[in-house]
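Paired with chain B in one complex and with chain C in the other, chain A is shared by the two complexes that follow.
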Partner chain A sequence: MARGTRQDDVEARFIEAHHRLFGPGLNGEPGFLHNLRQKAIGRFGSMGFPSKKDEAWKYTSLRGILRTPLAVAPDCTAPPPSVRAIHGLDAHIGVFVNGRLHAGLSVLASLPAGVTIAGLGDAPPALVAAHLARQADFRGHAFVALNTAFLSDGAFVHVPDGTVLDKPVHLIHVISGRAPTLAQPRTLVIAGTGAQVNLIDTISADLAAPSLVNSVTEVFVAAGARVARFEVQDPAAHVSLVTALSAYQLQDSHFQNNSFTFGGQVVRNNIAMLPDAAGCETLLHGLFIARGRAHVDNHTLVDHAKPDCYSAENYRGILDDRATGVFNGKVLVRQDAQRINAYQSNKSIVLSNTARMFAKPELEIYADDVKCSHGATTGQLDAEALFYLRARGLTMPQARTLMLQAFARDIVDKVPIEPLRSVLDERIAAILAR
Partner chain B sequence: MARPVPAKLVRLMNTDTQYLHEVAASDYEHGWVADLVSDTIPKGLDEDVIRLIASKKRDPDWMLENRLRAFRYWKSLEAADQRPDWAHLTIPDIDFQSISYYSAPGNKPKYESLDEVDPEVLATFERLGIPLQEQKLLAGVAVDAVIDSVSVATSFKDELAEHGIIFCSFSEAVEKHPALVRKYMGSVVPYTDNFYAALNTAVFSDGSFCYIPPGVRCPMELSTYFRINEAGTGQFERTLIVADKGSYVSYLEGCTAPMRDDNQLHAAVVEIIAHEDAEVKYSTIQNWYPGDQAGTGGVFNFVTKRGICQGDRAKISWTQLETGSSITWKYPSVILKGDDTKGEFYSVAFTKAKQQADTGTKMLHLGRNTASTIISKGISAGRSNNSYRGLVRINKNADNARNFSQCDSMLLGDRCGAHTFPYLETSNPTAQVEHEATTSKVGEDQIFYCKQRGISEQDAIKLIVSGFCQEILAQLPMEFAVEARKLLAIELEGSVG
Partner chain C sequence: MTPILQINSLKASVNGMPILKGVDLTVNTGELHAIMGPNGSGKSTLAAVLAGREDYEVDAGSILYQGADLLEMEVDERAREGLFLAFQYPVELPGVSMMNFLKTAVNSVREHRGLRPLGAAALLRLAREKAALIHLDSRLKKRSVNEGFSGGEKKRNEIFQLAMLEPRLAILDETDSGLDIDALRNVADGVNGLRTNDRAFVVITHYQRLLDYIIPDFVHVMYDGCIVMSGGKELALELEARGYDWISENGVPA
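And now, the complex of A and B:
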């Protein structure tokens, strides 16, 4: 790929930083991690950051933030972080400050035996070696490669075979820094055969200057396991966010991801699902509300590699002011992956004439005995419904807010954790009332 | 014309019915080479070739300039390795220097009547089931037949002339109506539009030109049959249709090509301009040679088709039945510039054997109260890949724009692919954009239901597929719909697997 000098400079900065931090020796770390980092930085160097010429990045650019010199090492001089737990939520809480587990802030006392919530460095090396960087493809994605190249610690969750966690696990990534920062949280979740876990993922960012958070989450869902993940993205308006979520599913497993995006400058979520055995169920739900100059891009892939699976995808967006929304969802059904039932829906409401929505729902199908469909709509609030509400005494803003809340509610209602749902409801109401 | 099914294919298809692979193995019905005397220039492409084409066409200077500008632009793209590669297609490395860019049938033009036309030409049409004479007398269709690149017969001119309608070959239009051609050519598809549009502008040899004066409703369907005939020549036609205020025209384009082994390049450009209150309906049956079972030979069809609803309340409607070509790269589009304009796209794309199709449309909403409808049906069989790729863009000022898109795919076999790549770009809050797509196969329950009622399996499949496409075929003008149905049935017999 031909790239301009300026762009090369951007990549060179990260490559140099990598050499400074990890260049020469192993520093007593496992050899495989060192090798992984070297491979990843090599791939990053040869790929470079994607540009708008790449089909997958047609509508989204991170040039602005990438041109800012970003500090790649955590800023340890920052004051102790404040962590917001979810009110009323009884959960196992793992707090990771700049990538490292903070025992004092975490609540792990009631963890059942066998379940691990730890830093990657303290996790069983065999498990880490078997799963780390196996799901998230650093060979094909520059941002995953960048995260992998700087990998030194992160969140690790292991729910062993047959264990059902009653309480949800809440992972809080605390990121702080005063200078422009590149923070790269990493999470590895392993659910053993028949295990069940609800996972809440949030970021508490205290970043004074324009910064980029580039997170990678890998989830391994063994046969018969059920994993539900809830991610709330609400960074400040000067923070950009790139996330990669990769899940690998085995026989008869269930995985669902629910993502809620309320803030940030440029937010790009890359979600890649690989149900790699029969009987898998994959659900992807998303809600984003973008205002101001926010840019929210959800990029999903469900790669049906094996027959007899079900997937459903439901994304909703509300766009106001000068915000831009992007939804690019792809369902891929490979050859011989017969009897796939895949559904995808994307609905967006555009509220201002300077907001924009780009939808690209794709189907790529190589097997004949399948039921695949997608629907996408973009529009405004129904004038008749608004009139109906106003005829009953609601003001225009009240009527609008009510309808938008109802629109968002369809996704919020998929969250089975009551305290989380309340927090989401309150947050949505607050944003819409503004 | 059934050929034995290769053992490998039978093995791959053993889950399917006998009928399905019989069908998959049948050959191209319209494959032969007519023995015409041709005037062909040597292979290769440089400025001298462009000048040679221009001199053969007796181009005026401005046209030569235009060709050279386009050629230089094309050369810069070629040098920068800017061939379009974004489609879901595997395009072989085309050697543009090994193609002859001009071919005209011998015993050249200017016939007073059909009797003077080379009997071989007439026989060719006869075999295609397009008897010019009969059509002239019975069907009331004016036919401007293009064999390879030069117009050899034009009929119904007098009747059209009475209405002030100009319908002639592109060369004739350049000669007789240079002002119109200069005004509109390249106004919808400029040579800088894309690689193949640039190539076409540089080397196009002929095509059709049509002008409907204000307030005139064209009394008959205008029709051009294109046909590639000379081995090793690409065909680069250019069609320009101008519908002046309040006029109406329905234009038909259909094509079949003879069987041959060399890949043939076809890069046409079609431009439509619809002024205030005008309506243009453009229907295509595309049945170029698709290549054999192994995927060799076959036409590369890289076409740029675009219309602009220039004035308020104008309407442009594209209907296409795509069954041929080894590679189809085609996106008939509408620019909805005027207020209250309408754009429509109805398409059936059928691929079999190793055919690849990446086709769809672009609806660009610029004016207020604009509406577009997209209905696309893709049917894939054999080892083919069939993609819908469509863009709906609602610009900032396009208040109250409406779009409805529906893209359904049907798979007839487990070694083919059906893909949908819609792009929906909305920048106006009053817009309403809806898109839905489904992918499925012919249901066993549907076949079972038909069989219960005494309908054979193959008739059942034909029935179901024809029902699947009904919405589109109903859009075709009557004469064309008959041919379309016939073609689809033959294709099905010859292709499902």
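And now, the complex of A and C:
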């Protein structure tokens, strides 16, 4: 890839920072982590950040924030800001401050035997070595490579074979910084055979200056396991967010991801699902509300490599002001993946004529016995419905809010955890009332 | 007896096509007026203009509602001032729960009247009471507004909302169409229960049958955008017997 000097400067800053931090040697860490970082920075150097010329980044640019000199070293000396747990939620809570487990803020007392919530550094090395950087592709994605190149700690969750967690696990990544910061949370989740877990993922950020959060989450879902993940993205308007979520599924397993994006400047979610055995179920749900100049881009890939699987995607977006939204949903059905059912739906409501939505389904099908469908609609609120509500005494803003809440409800109602659903409802109501 | 609605020489059009061609109608508090007339004569258009639907252009004439210029008021302002339209085709609102909808509507009307907003429990009590009045299946209150409701359930739901919102002037646009005999009685009982000295009704219908249950004070015939004939409740019987051809042959003004 040919790149101009300016762009090279941007990458060079990260490469130099990497050298300063990790150049000298092993520091007593496992050799494999050191090797992984070296490989990743090498890949990052040769790939460079994507540009608008890359088809997958046609609409989304992080140039602005990447040109800002960003501090990459975790600022561990800063006292953690107040951590907001979800009101009324009874959960196992792992709080990670700048990537490290904070025992004092975490709530892990009632964790069943055999279940681990820990920092990656304290996790069983064999498990880490077997799964870390296996799902998230640092060879093909510059942001994953960058995260992997600076990897030294992160969140680790292991639910062993046959263990069903009644309470959800809530991972809170606390990030703070005065100067422009690059924060790179890393999460590895392993669900053993027949294990079940609901996972809530939130970031509690206190970033004073324009910053970038570049997170990577890897999930391994063993045979018959069920993992449901709920991510709430609500950073300040001067914080950009790039996330990578990669899940690998074995026979008859279930994985679902539910993402809610309410804040941020530029948000790009890269979701890659690999149901790599028969009988898998993969559900991807997303809701975003973008206002001001916010830009929210959801890129999903479901790679159906094996037969008899089901996947369904349902994404909804509300755009106002000068916001832009992107949905790119790729479904790949490989030659041997017969009898696949894959559904995709993307609906957006555009409230102003300066907001824009780009929706692109991509179905690539090489098997012959498959059922795939997709539908994308972008429109305004239904005028008849607004009139009906106003004819009952609701003001225009009240009528709009009620209808937008109804539009969002489809996604919110997929959350089976009541306290989380309430928090989402309240947050959505508050945003829409502005 | 004070006039609640005074329509004078009202002309209205859609997309430049004249539909109402000079409507005069005065409704006093405590009265119930029925408007009949053939398909396409402009009955729903009149209802829509009263409710404030934007696609209808008022070209001439005036409407006074409780003495004020109705045409100057926004749709929701009219509703909060006590004007209620029971829709001929109620709109489905997927994802909008009945209770949340009722709460917002009832409280915005109450607030306008200087009353305290109702809390969840009080609202539920009120809803239960009013639903019983018109025999609305209580399970419908747990669903999204009109979503998947049968034709008859939608119509009952309109009258249920009428009962909840306690308007000053209610306009019912063919609320009886599509109702079975029991539902018709229930709706009529509901309306009769709401007839008071300080409230007025305008009931648009094609069927004399409804007027056996809801006895009108006046019956008007709308024909090609004008009210061409007015009378007492016996006019409905006459129309039933003779059909609208009788109107076109007799007494349609040029």
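Everything below uses one rule, namely that the second predicted complex is superposed on the first by the 433 of 434 C-alpha atoms of A that agree within 3 Å, B and C clash if a C-alpha of one lies under 4 Å from a C-alpha of the other, contacts with A are read in each partner's own complex, and residues count from 1 in each chain.
The criterion applied here is as follows: contacts are C-beta pairs under 8 Å (C-beta built on N, C-alpha and C of every residue); 3 or more make two chains touch, one makes a residue touch a chain.
Since this is a predicted model, take the numbers as computed values, not measurements.
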Next on the checklist: Quick check on the superposed pair: does A:L363 touch chain B, chain C, both, or neither? Answer first, second, both or neither.
Outcome noted: first
Checklist entry - When the two structures are overlaid on chain A, which partner does A:Y388 contact: first (chain B), second (chain C), both, or neither? => result second
Item to check | Which of chain B and chain C A:Q398 touches, first, second, both or neither | outcome: second
Checklist entry - Is A:H374 in contact with chain B, with chain C, with both, or with neither (first, second, both, neither)? => result first
Next on the checklist: Which partner chains sit in contact with A:S352 here, chain B, chain C, both or neither? Use first/second/both/neither.
Outcome noted: first
Checklist outcome for this item: Between chain B and chain C, more residues of chain A are touched by B
Checklist entry - Following superposition on chain A, which residues of chain A contact chain B and also contact chain C? => result none
Item to check | chain B-facing residues of chain A, complex | outcome: 55, 335-336, 338, 348, 350-380
Checklist entry - Where on chain A does chain C make contact in their complex? => result 382, 384-385, 387-396, 398-399, 402-403, 405-407, 409-410
Item to check | Residue numbers on chain B that touch chain A, as the complex places them | outcome: 86, 88, 396, 409, 411-441
Checklist outcome for this item: As the complex stands, chain C meets chain A at residues 51-54, 74-76, 78-80, 84-85, 87, 90-91, 93-96, 100-101, 104-105, 108-109, 112, 144, 161, 165
